[in-house]
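One structure coming up, written as structure tokens, with questions to follow.
For reference, chains read A, B, C, D, E and F in written order, and residue numbers begin at 1 within each chain.
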Amino acid sequence: MSEFRHMMPAGKALFKDRHTTKANDLLQSYTSGMENEFGMAGVPLSKPSISHSGASFAPSAIREALKSFTTYSGEEGMDLTERIIDFGDIYMSPTDIIGNQERIVEGLTDVFATKAAKNWLVLGGDHSISYSSIKAFAGGKKVGVIQFDAHHDLRNTEDGGPTNGTPFRRLLEDNIIKGEHLSQIGIRDFTNAAAYDRYASEQGVTVYTMADVDRLTITKILDEEIQRLAEITDVIYLSVDMDVLDQAFAPGCPAIGPGGMDSKTLLKGILFASHYEKIQAMDIVEIDPSIDFRNMTSRLAAYVILQFMKGKKNR
Amino acid sequence: MSEFRHMMPAGKALFKDRHTTKANDLLQSYTSGMENEFGMAGVPLSKPSISHSGASFAPSAIREALKSFTTYSGEEGMDLTERIIDFGDIYMSPTDIIGNQERIVEGLTDVFATKAAKNWLVLGGDHSISYSSIKAFAGGKKVGVIQFDAHHDLRNTEDGGPTNGTPFRRLLEDNIIKGEHLSQIGIRDFTNAAAYDRYASEQGVTVYTMADVDRLTITKILDEEIQRLAEITDVIYLSVDMDVLDQAFAPGCPAIGPGGMDSKTLLKGILFASHYEKIQAMDIVEIDPSIDFRNMTSRLAAYVILQFMKGKKNR
Amino acid sequence: MSEFRHMMPAGKALFKDRHTTKANDLLQSYTSGMENEFGMAGVPLSKPSISHSGASFAPSAIREALKSFTTYSGEEGMDLTERIIDFGDIYMSPTDIIGNQERIVEGLTDVFATKAAKNWLVLGGDHSISYSSIKAFAGGKKVGVIQFDAHHDLRNTEDGGPTNGTPFRRLLEDNIIKGEHLSQIGIRDFTNAAAYDRYASEQGVTVYTMADVDRLTITKILDEEIQRLAEITDVIYLSVDMDVLDQAFAPGCPAIGPGGMDSKTLLKGILFASHYEKIQAMDIVEIDPSIDFRNMTSRLAAYVILQFMKGKKNR
Amino acid sequence: MSEFRHMMPAGKALFKDRHTTKANDLLQSYTSGMENEFGMAGVPLSKPSISHSGASFAPSAIREALKSFTTYSGEEGMDLTERIIDFGDIYMSPTDIIGNQERIVEGLTDVFATKAAKNWLVLGGDHSISYSSIKAFAGGKKVGVIQFDAHHDLRNTEDGGPTNGTPFRRLLEDNIIKGEHLSQIGIRDFTNAAAYDRYASEQGVTVYTMADVDRLTITKILDEEIQRLAEITDVIYLSVDMDVLDQAFAPGCPAIGPGGMDSKTLLKGILFASHYEKIQAMDIVEIDPSIDFRNMTSRLAAYVILQFMKGKKNR
Amino acid sequence: MSEFRHMMPAGKALFKDRHTTKANDLLQSYTSGMENEFGMAGVPLSKPSISHSGASFAPSAIREALKSFTTYSGEEGMDLTERIIDFGDIYMSPTDIIGNQERIVEGLTDVFATKAAKNWLVLGGDHSISYSSIKAFAGGKKVGVIQFDAHHDLRNTEDGGPTNGTPFRRLLEDNIIKGEHLSQIGIRDFTNAAAYDRYASEQGVTVYTMADVDRLTITKILDEEIQRLAEITDVIYLSVDMDVLDQAFAPGCPAIGPGGMDSKTLLKGILFASHYEKIQAMDIVEIDPSIDFRNMTSRLAAYVILQFMKGKKNR
Amino acid sequence: MSEFRHMMPAGKALFKDRHTTKANDLLQSYTSGMENEFGMAGVPLSKPSISHSGASFAPSAIREALKSFTTYSGEEGMDLTERIIDFGDIYMSPTDIIGNQERIVEGLTDVFATKAAKNWLVLGGDHSISYSSIKAFAGGKKVGVIQFDAHHDLRNTEDGGPTNGTPFRRLLEDNIIKGEHLSQIGIRDFTNAAAYDRYASEQGVTVYTMADVDRLTITKILDEEIQRLAEITDVIYLSVDMDVLDQAFAPGCPAIGPGGMDSKTLLKGILFASHYEKIQAMDIVEIDPSIDFRNMTSRLAAYVILQFMKGKKNR
């Protein structure tokens, strides 16, 4: 477009500071042979949700929110310079929910198979996508899972099928992970049924309630769990359901409520966890940008990604 | 409706997990002779408010918010199983405010007289309803009142009559309670007049400011006050004005502002207080669902109720 | 509740004028053997939608909107007094979309089989539900369909399956109706593909564009079409996609746009059509209450129902 | 403030075009002895409303909306130059509704008694204020009333007292006006009870439904009614309930609905009516700015005032 | 991305109907030598506005709104197939408003100089951009301008400089057009100052008020004006200020108000006008997407563009 | 207005408690010779902002928010009684941004020159106004600046001119302050560019990140910085960019994000700092009331002012 004075591509006629790199500038569409520290894929699926959810808008909203951040951490005095290889989003049929869930497994299997990245970022979507993502991520490996969530997500699947209330039940039932490989952090009162707490217990799932988080601190818990999982698994996957946060900090989750984590605790936890080499993937789920306030929850998700990247770099 | 395949009553064709009891499932409309741990009545009155208020919508909004919670506390490993006997709402005339306030006294007197419940939950409405509710609750008994509030609510009644700024002044002036029977927690700077702070003093009302709460902790304050009141009164009533909370945690109160309590402090306080047997009633007031964000404040009110119930059960 | 002064059932402590009957008072839950002029069923399904849609909330929103109207038509000097037998809503699985579409056929087949009502009101949901509803309604009969819509809804089903863009294509392909039995009114420019206009033509579907409506008037068109269909079918079904209306009049449809019908034209058309005895069913679809302004579109849907009832009574 | 460069009074540092007079510049606070063409008073009362209403905010919102208009009518090639003497608003007690209604009578009686203006503009508030305003306006005179409204407002007062559904019933019952002195225009289907239509009939009230308006045109109706009323009354008062308009044109009325008047019809009617000398007062009621979209309804109210003034000037 | 199953570029994993062409598919970024029927450029400038305006977001919002439309006109039985060459947006400095206005002239001069398109679409921005756009468009030619607007936009520039209230004044003062070359349609009462109506007169500007439009019809006016201008100018430019529309139809304009045009009238006018060969450019201005309701006003703008294209094709 | 019963000035017919002084009652328009503890000026400029900003509405919104507070601090047992002399707002041209910035210097220079107040409150506007304000405040004096901000605001001015990203760069480059005179508190990760952190370092600016604030406490930091600055400067100016706060506490800032300060920390810091005599001015910037939730951020700004006043009184 250089032949015209002052013309810029549509939508780009924005202020640009020559010394500032925006976090979204790190995104780079995948082309064959590419390799880098981070890989990303979007999974815009929320029709499996029990309640009305527009979490399918979140992959775009989170990528967009990266524009609100720079690559520079003053706390660490370092710039994030590694590119995030963006593999795009997985195609979703409007009416074939089960097929969509299978396509996520297939698509992410292909993506992970490239080994193009050392660490993977998966953008949901509702929490049902973590079943597919973790299944694809596991391949034949033993995967440990650290789940930040107000809910167990261990519901029976007879009532409603593979909803966003079931991913970890299905991972256990399908032997993709074992109970002892799953650690749930931030589980909240009056937000789960007794039956599923019992089920978690029976399966050997480790559960830290919000009171545990407040009492033990997030870093203590993560330190213990990551070390425990590191010994019994090949690799660890973080599954971040944003509703682990209190409604005041994540107003855009479908299942908001009080009594949750504040955002600094989550951010500190992600930074802490990502220092561990065995942690090689993270998904972020349950953000519905269509009901959020000023994309606060997507902004927070973008910050979660940056903390993860900072931790990896700083390792 | 069983003769038709797949038909459900209107509005109920929702997902149902067979193992989950929703908190609103505990509500049970009163029929004669019924007895249980908890009783509930709604008081949908907010026309006495000084400012424009839709707090009359709160009884419905809070009952609705109970649908967002289950009955299970993982922290305590116990299920709330006692029913809440729901006596319904008190009829409100559109134009007869004073009559409405008298009808609340009459209606709640009849409700409390059933002795159907050990503990009572009263859903406002604006704070003016606490005058009527406490008057009905007192009957001939000596009632201690612990008021969570940013405001004294001790205004003179010549300027505007029995508004939501006056309930505790009127209780004192009408000798329904004595000053020493009233404990105010969370009183905030630049939110009250000097004259009413002085009046509280003169009347022997105990006042804990937000700075006191931050310095002493909510449990310390409640421990001291409940013990003090327990000695001089027959029974204690909690009056929870949600605007005791900081605006970030209770965005749906008419009189929002900064500098208030966070929601965890309130929830901890309610749980702590409800362990005491003398605490036998709680009202929740000053939520305007029509200006809230995603019913956050009603959700929090529902959680307050569940904490109260948990404390009672766990006693 | 009569033993307590002033107590009303929860949520009912509202103003009541003794001389006024609200339109929702006409709703009466079905019990065996009941018969009346009108029957109603809700179909809260919108997951088949191509775009994000909360049309599943519409059955409740429309029933609620009936509370904003009375039963009295001053224009005709008559009161609607016939009850609407409400069969409730059809159960929807969160994850089994195709199964839901089959369950709608089964459920409505059972409902229609009661012959409890002379005229039927079906509340969607997105437009995909009309396939199931018309299939159930047809039984063995020849059904004429008058579709108010900005869109043909004749998309191929390979791209996305049985979405809300396909109901009439599927009805034709499954031989439930013939092309000459379908009349589309309000089809709009730049809102459809050439291929589907051609398909309509080839199938013998009658199409009236918005320019036709403006030029010929709605009553002229309806008069002609109803007479034509009456001769070749046993019964006529109105399918009212609210997006036939201009966005200024129906702000709560997922696919809003300019260049559509104004609300008076639609209301006049419904009244006119309902005078014909062969018109015995109407569905109302494509209202998403979660994105509407002050439930305007659901209010309009309620008015559409009342016009239909007025026409039937006045016949 | 002239000693400081560039300083303006707080809130006034706005763009000012030297050649443009804003409509609100015509407002002039009353001081003794003042006389002019127009007088204005605000009546910020909406607590008598049957439904939750913030119409008490409308007097301020309408005055504010006058800032969006100039004084110049290009259609007539004339500038409005007469001042509107602003008598301010009537004080409202938060809890004494009946007293407020009496104070409106007293306050407006004093205002009208000044004879400072030839024509009066009264800004509600809900429609209950028209009782007080017309009572004050009548003094001993015979007043004709032309009411633009979707509703009769002839409810019995036993159910709820002097609400916004009763002003014209009360005027009739208190013999302030006679049935034949009242003309209702825009009465809508399914918006009133049969009993009140009958009551209107029995009292000799003239009723024009929306279908009448569409069929006869607003100017025909007004011409007939004004001439009829002019013969039997001393003076005529317009009472403009903005919900006479369709919801698409007046989204900020508490009782919005479809099937109403469009805004051009109302504006044309007001202009037409105001040419008649006997028309000497107008109230505008039932705007709730707190639920409006971008103050559209208050902007329209401001335009109604300007049409009234244009008609008077152009007389 | 074809090496991965189901992966699509980020943000594109959407439903795609193989037979449907979306209107935005017609957009094609300019590359050297390209030629087609239509050219487009965005001018994201709204800081010159007198009131707070986010009209700088409109070029993106309008392009985005084109996604809501197809290319097919059923009314005409034809598909729009010509590409719109998109030259992108003009760079805007955050602080140099006057420089921005000059850069628009330079950028558009370069764009128009390509002669790549027969007809030009310029997307504002506030109305101040029309000065620059028309200046660039004129080059040495005599340009006729048909302005759809509620306002004259002939303010003096001493009060506030080259704001959105001044573009046509500046065109006249700078001799870029003559008064007789300017035709203003839809000018509204109480929306302009007498001084500027007088100025229009003195300059020989033709003015059609809203009453004129209602009385004469838009096609009559356009027919007359286009023929008149065609004789005295080389080429005609349409400048469409969306606030010519009534607030009910264009809720997203900064200066909304009642008494304006309905959207069908505007759409009909644009279609009619675009049949004339001398009409070779159109701008659309004064849409602020940040205050609109569901992008209604941008959707309407997209429809205006499509009507223009339809008229050109159908010529 | 005393000659009329119940009439109050327009907009003032509100509840008034005779014993309560509202914080806005302390505002007093300046007249010559006036002297008091506090002076205030509004600077309604936000067009220099890099992103779309309505911060120009903040001076009015903050003054309005003072109405939500009283003058009484129960924590200190004292009433604020000193008046705030309000010098009004500085006139802003719609199109001359640079001129506006110069006019701010001139206007505030004249205001400060009165020496009418001991302490000054400047209400922005975006942060660009702090350049002008500090320049005017400095006169010939050495000014220390304590900046609460998530951002350095040290951008180069070639990219975009004197935006809200540049005020402190420009103060340094123009030698109005030296690097060692500037202390930045609350600087956040991923919110700044490395180049500007480096620039801060090179210039000798002191930087406290959010992690520093969390680790050291706000009072420790302020104590150290104020003492340091007190020794090398004549007077200290607080510049409070509200986006130093976490998005949960200041939802109305243009550049919201997570990871920031909570409101209690800011309020404590302001109270602490204002005890120091050398602190004699404070600005509050970057609040956009048009995108806030219920004016929360302006309410917080009002509380910041009151804390400042409390600290000064309590000194």
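What we mean here is this: a residue touches a chain if its C-beta (ideal position, glycine included) is under 8 Å from a C-beta of that chain, and two chains touch if they have at least 3 such contacts.
Keep in mind it's a predicted model, so treat the numbers as computed, not measured.
Chemist: Which chains are shared contacts of chain B and chain C?
Modeler: A, D
Chemist: Would you kindly count the fewest steps from chain A to chain C, each step being a jump to a chain that touches the current one?
Modeler: Counted as steps through touching chains, the separation is 1.
Chemist: How many degrees of rotation map chain A onto its copy chain F on CA atoms, rounded to the nearest 5?
Modeler: Here the rotation carrying chain A onto chain F measures out at 120 degrees.
Chemist: When the contact pairs of B-C are compared by residue number, which of A-E, A-C or E-F has over half in common?
Modeler: A-E
Chemist: Would you say A-B or A-E is joined by more C-beta pairs in contact?
Modeler: A-E
Chemist: Between chain B and chain F, tell me the centre distance in angstrom, where each centre is the average of that chain's C-alpha atoms.
Modeler: A distance of 38 Å separates the two centres.
Chemist: Once you find the CA centre of chain B and the CA centre of chain E, what distance in Å lies between them?
Modeler: 57
Chemist: Residues of chain B that contact two or more other chains, please.
Modeler: 15, 50, 94, 160, 163, 248, 293
Chemist: Provide the full list of chain pairs in touch.
Modeler: A-B, A-C, A-E, A-F, B-C, B-D, B-F, C-D, C-E, D-E, D-F, E-F
Chemist: Name, in rising order, each residue of chain D that touches chain C in their complex.
Modeler: 50, 155-156, 158-160, 163, 165, 187-197, 207, 209-211, 214, 246-248, 251, 255-259, 291, 293
Chemist: Would you mind writing out the residues of chain A in touch with chain F in their complex?
Modeler: Chain A residues touching chain F: 15-21, 23, 68-77, 79, 248-249, 263-264, 267, 293-294, 296, 299-300, 303, 306, 310.
Chemist: Could you pull out which chain E residues touch chain A in their complex?
Modeler: Its residues touching chain A are 1, 3-13, 15, 27, 29-30, 32, 41-42, 44, 59-60, 63, 86-92, 94, 103-104, 106-107, 109-111.
Chemist: Tell me, which parts of chain B touch chain D in their complex?
Modeler: 47-50, 52, 54, 56-57, 93-98, 160-163, 290
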